[in-house]
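Here it is, the structure, as structure tokens.
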Amino acid sequence: MTQVVVTVMPKEGVLDPQGQAVQGALAQLGFAGVDGVRIGKRIELEIAGEDPEGQARAMCEQLLANALIEDFWVEVAA
Amino acid sequence: MTQVVVTVMPKEGVLDPQGQAVQGALAQLGFAGVDGVRIGKRIELEIAGEDPEGQARAMCEQLLANALIEDFWVEVAA
Amino acid sequence: MTVAVVRFPGSLDHDSARRAVERLGARAEYAWHADGELPAETTAVLLPGGFSYGDHLRCGAIASRAPVMAAVRRHAEAGGRVVGICNGFQVLCEAGLLPGALRRNATLSFVCRQMDLEVADAETPWTGGLPSGAGLSIPIKNNEGAWYGDPAAARVVLRYGPDNPLGSTGRVAGIASPAGNVMGLMPHPEEACDPLLGSTDGGLVLSGLLGRAA
Amino acid sequence: MTTATARHRRLGLTDDEAARIPELLGREPSDAELVMFSLMWSEHCSYKHSRPLLRAFPTAGPRVLQGPGENAGVVDVGDGLAVALKIESHNHPSAVEPFEGAATGVGGIVRDILAMGARPIALLDSLRFGELASPRSRHLFTRSVAGIGHYGNCIGVPTVGGEVAFDDRYEDSCLVNAMCVGVVAPEGVLRAAASGQGNALVLIGNRTGRDGIGGASVLASAELDEDEDKRPSVQVSDPFTERKLMDCCLELAGAGALVALQDLGAAGLTSAASEMAAKGRVGLDIDLDLVPLREALAPAEILVSESQERMLAVVEPARLDEVVAVCRRWDLDATRIGSVTEGEAMVARAGGEVVADLPARLLADEAPVYEVPRHPAPAAEPLDLAAVPEPADLAAAWRDLLARPNLASKRWVYERYDHLVGANTIRRPGGDAAVVRLPGSERAIALTTDCAERHCELDPRGGGRASVLEAARNLACVGARPVAATDCLNFANPEKGSTGWRLAEAIAGMSEALTALSVPVVSGNVSLYNESAGRAIHPTPVVGMMGLLERADASVGQGFIAEGDLVVLAGDDGVLDASEAVGGALGRPPDVDVDREVATIELVLAAAGEGILRSAHDVSGGGLAVALAESAIAGGLGAEVALAPGRRDDEVLFGEGGGRVLLTVRPEDEGRLRALAAGAPVRLATVGAVGGQDVAARVGDREARLPLDAARAAHEGGLPEALA
């Protein structure tokens, strides 16, 4: 089993209403100097077998990310 | 402005229905050897002023994470 | 006329959709997500609303990869009529059968509300022959109903009036494929087919299921 | 003190209770047994402080198929249909984590209905929080609403009604009560009684984890500010699994594949299994090693885990494969964890060892019962109007009332709920009661929840009557005859002060009104210890009531219909005591005249039955003026009324109580309406007519006038602005 982390973030330029809302809420709580809040997903998986990174990429392309609105990257635990 | 990344994950032992559902879907798609899928949030922010890491922790405690069911950690871009 | 109403785990509106289709005088048959084929006599397909697979990951994403969707795709590519309502619309976009994606509402909340819609394209089978600009009243109820995409690249069939709480691009409420045989919309026509429930405009949309294949 | 006694106290058992256990068992309990007793004998599971008082409720009636004592009550509504209903609290979990607490509260009540073999068709929620000026209360309120919406929306059961109120007294102890209603064929009603020696005990649904361990005894039966460390791990809701559980269990019930069905709620497997065994007077032999786990757990933990989205079924061996196959098809775990045995022993094994072996009834039925102290509270004094400043500008006061969070439109709440799914919602939230068509029938049911908590604070018996009568009036206003009730008694610590007396008085008052209405209580729930830091909630006996319409298309709305219709006020005068106008539990409302209020309800039902009612609206918070504005806003039509002077103008306009209903009829039907009232103890006054784009009320020579748009802006804007 290899520990793999997939990160999925809203594409640059695609506005992120949730991120904006959180930014507003933080300002309300008194966190003045906060900007550029963006919220994405961190997906942790254990993958068996060959080429866990390649498998993870395939999972992203087939399911985990929507290329129209999201970017993703894959990290494999050393 | 300092680039800060906050990661929020479901606590160990706390039910993660989303992870369960995604694991089931990956199996259906033919990704046999996948296990322990857990899904959390990655929050990117730019923080101005002193001690961005400390500020980010405070944000987690007050808003970004729910200590009862979630763990969080903070990374500051070098 | 037999409309296949597809059921995924977490489908919620299949029963109301079935009743609405039967009101229009057609037969309705359930199709099961795990089956690779639609019922033999299927003439049109309806993907109902709901929270398929709990809306986990992205709404409609997991359902769009279910075995039955291959059969739905073949049906659509052969020119057969397909309508996706709410979660069904999300499934069609995730499956690439319609352009764009459905994102979190601008309100960041679930919205259940009767909506004023207007016909943006009178040439598809999905507006009962109403002229462009004609009005319909159909409820919405969703969390991720903001269509995002290039309106120019899509065939916009229905728009919200000035009140667009979801914040969809170009006030889009429903779009069709270029040929018009595949339709997706966030409003719930099956909730607007019975005078007792306040509106029958939904029947105009669902009647698109009964026409001949385009 | 020995560590053993220290342990039973940590588990929440008194020394007397701990001493009773060896007497009942004839030996010392095993550790697992002690844990099981501590949960089953908690207030939440055993009702040990309230059971004797609950006997006062009327529970019988010709329609009652199942009264209190099962997972939910069931009433026959004709047309070959029965309806199951129940309301339940999830107050303490919601105070700890409002989103998950409220969400799992909905999940729990839905499983209670499911356990009767009924298909859930409607949800309601009754909520109480501190004033919205408090950030904590805003957080608890908005997150609870989000949690209720998340769960109800995701399982596809419409949330068609409920109520929300804000009062300082709920600042530390918010209330989240959820009600569910389901339909079932009378012959299809399932029960929880296990039977059939050798039958299989099957656990269906989510895997078991450390969720909410100790929840029942700790969260629901002790004041929250005691030992923080007693707080169990928070239960996370999984509505997707719940929906599959619904579809699956209903398919199994429909196929007649289940001998008995029971949800796993408080005290988890221990409670579900011991109640099934005790009800069926049989034994159960459970192998804990077979329970599917999410993480490693000790046997005692498996026995009391409150992991959500699980059901326990009794299945004949011959049908076991069929049952497992259906569950697989719904992608649900279904595991045979034990069998029904002879005798009455509930046996639990782990690793080949017996970890518990005791008569199930000791857990389910033999909990100690306590008489609560009943110290009457000193009688409150009627309001001294001289001390209440009279508003100089009545129109401004009217507008302000319409915008008060307690009276403003609750659209902000119910638009976050799918109140339509199922395509049966005939009258949507926002009116006096929701109307839901019974699938496959010409009939419909009406649903409401109500409670007059401020009245209860000042006069628990009168408030108990008022709570029941308002619920019945809300149903009558949509044209539905009240047929059954469920109740959730939210009170403070019954061992302290006058709380025990208030509980008994409220139950007595509720019972008087229920008896007069011939409405039985078929199910209910008790939530005590709703106090902390010395602040106790108002006595809050929430009434959930169901009414029946013979014809689904015959319901009545609260909105004005047409210019020229006459506005008729039925009922007696209101007062400012305990009113929103004075902003709290002040004064003492006059005695509630049950007979007169019931007569008014009967008149409304008779008029609705003859089809002469154009609109009907219960006069509640904010009095006549607010009811008038609500009917005008709902209908998009104004009205002009003139009211008899003689009392203070603000009391005439904003006074509450008196069991009043605001009706409209065509001018030609006024005579018929009066004829229907002839001889009945009902006061009828034709006060004006529908028309124009203002709402205007004259008292003597003083007039208050609001443009409809201004009234709507205040009413719709009140809640969003309080949250902004």
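By written order: A, B, C and D. Residues from 1 in each chain.
The working rule: contacts are C-beta pairs under 8 Å (C-beta built on N, C-alpha and C of every residue); 3 or more make two chains touch, one makes a residue touch a chain.
On a predicted model such as this, the values are computed, not experimentally measured, just so you know.
Colleague: Quick check: more C-beta contact pairs in A-C or B-D?
Modeller: When the contacts at A-C and B-D are counted, B-D has more.
Colleague: Taking each chain's centre as its mean C-alpha position, how far apart are chain A and chain C in Å?
Modeller: Chain centres of chain A and chain C, defined by C-alpha means, are spaced 29 Å apart.
Colleague: Hey, how far is the Cα centre of chain C from the one of chain D, in Å?
Modeller: The mean C-alpha positions of chain C and chain D differ by 35 Å.
Colleague: Could you please state the distance in Å, as a whole number, between where the Cα atoms of chain A are centred and where those of chain D are centred?
Modeller: 41
Colleague: List, in ascending order, every residue of chain A touching at least 2 other chains.
Modeller: 62-64
Colleague: Would you please write down the residue numbers of chain D that are in contact with two or more other chains?
Modeller: If we look for residues of chain D contacting two or more partner chains, we find 238, 240-241, 331.
Colleague: Return the residues of chain C touching two or more other chains; collapse runs of consecutive numbers into ranges.
Modeller: Touching at least two other chains: 53-54, 56-57, 62, 65.
Colleague: Edges wherever two chains touch, nodes for the chains themselves; is that graph a line, a ring, a star, complete, or other here?
Modeller: Its topology fits none of the listed shapes; call it other.
Colleague: Which residues, counting only chain B, touch chain C once they are in their complex?
Modeller: It is residues 17-18, 21-22, 25, 28-29, 39 of chain B that touch chain C.
Colleague: Given the complex with chain B, which residues does chain D contribute to the contact?
Modeller: 96-97, 100, 206, 209-211, 233-238, 240-241, 294-295, 307-308, 331
Colleague: Please name which positions on chain B make contact with chain A in the complex.
Modeller: Touch residues, chain B against chain A: 1, 7, 9, 22-23, 25-26, 29, 31-49, 55, 58-59, 62-64.
Colleague: If we count contacts the way the header does, which residues on chain B are in touch with chain D in the complex?
Modeller: The touching residues are 10, 13-17, 21, 24, 66, 68-69.
Colleague: Contact residues on chain D for chain C in the complex?
Modeller: Result: residues 146, 149-150, 153-156, 238-241, 243-244, 330-331, 414-423, 425-426, 437, 552-553 of chain D touch chain C.
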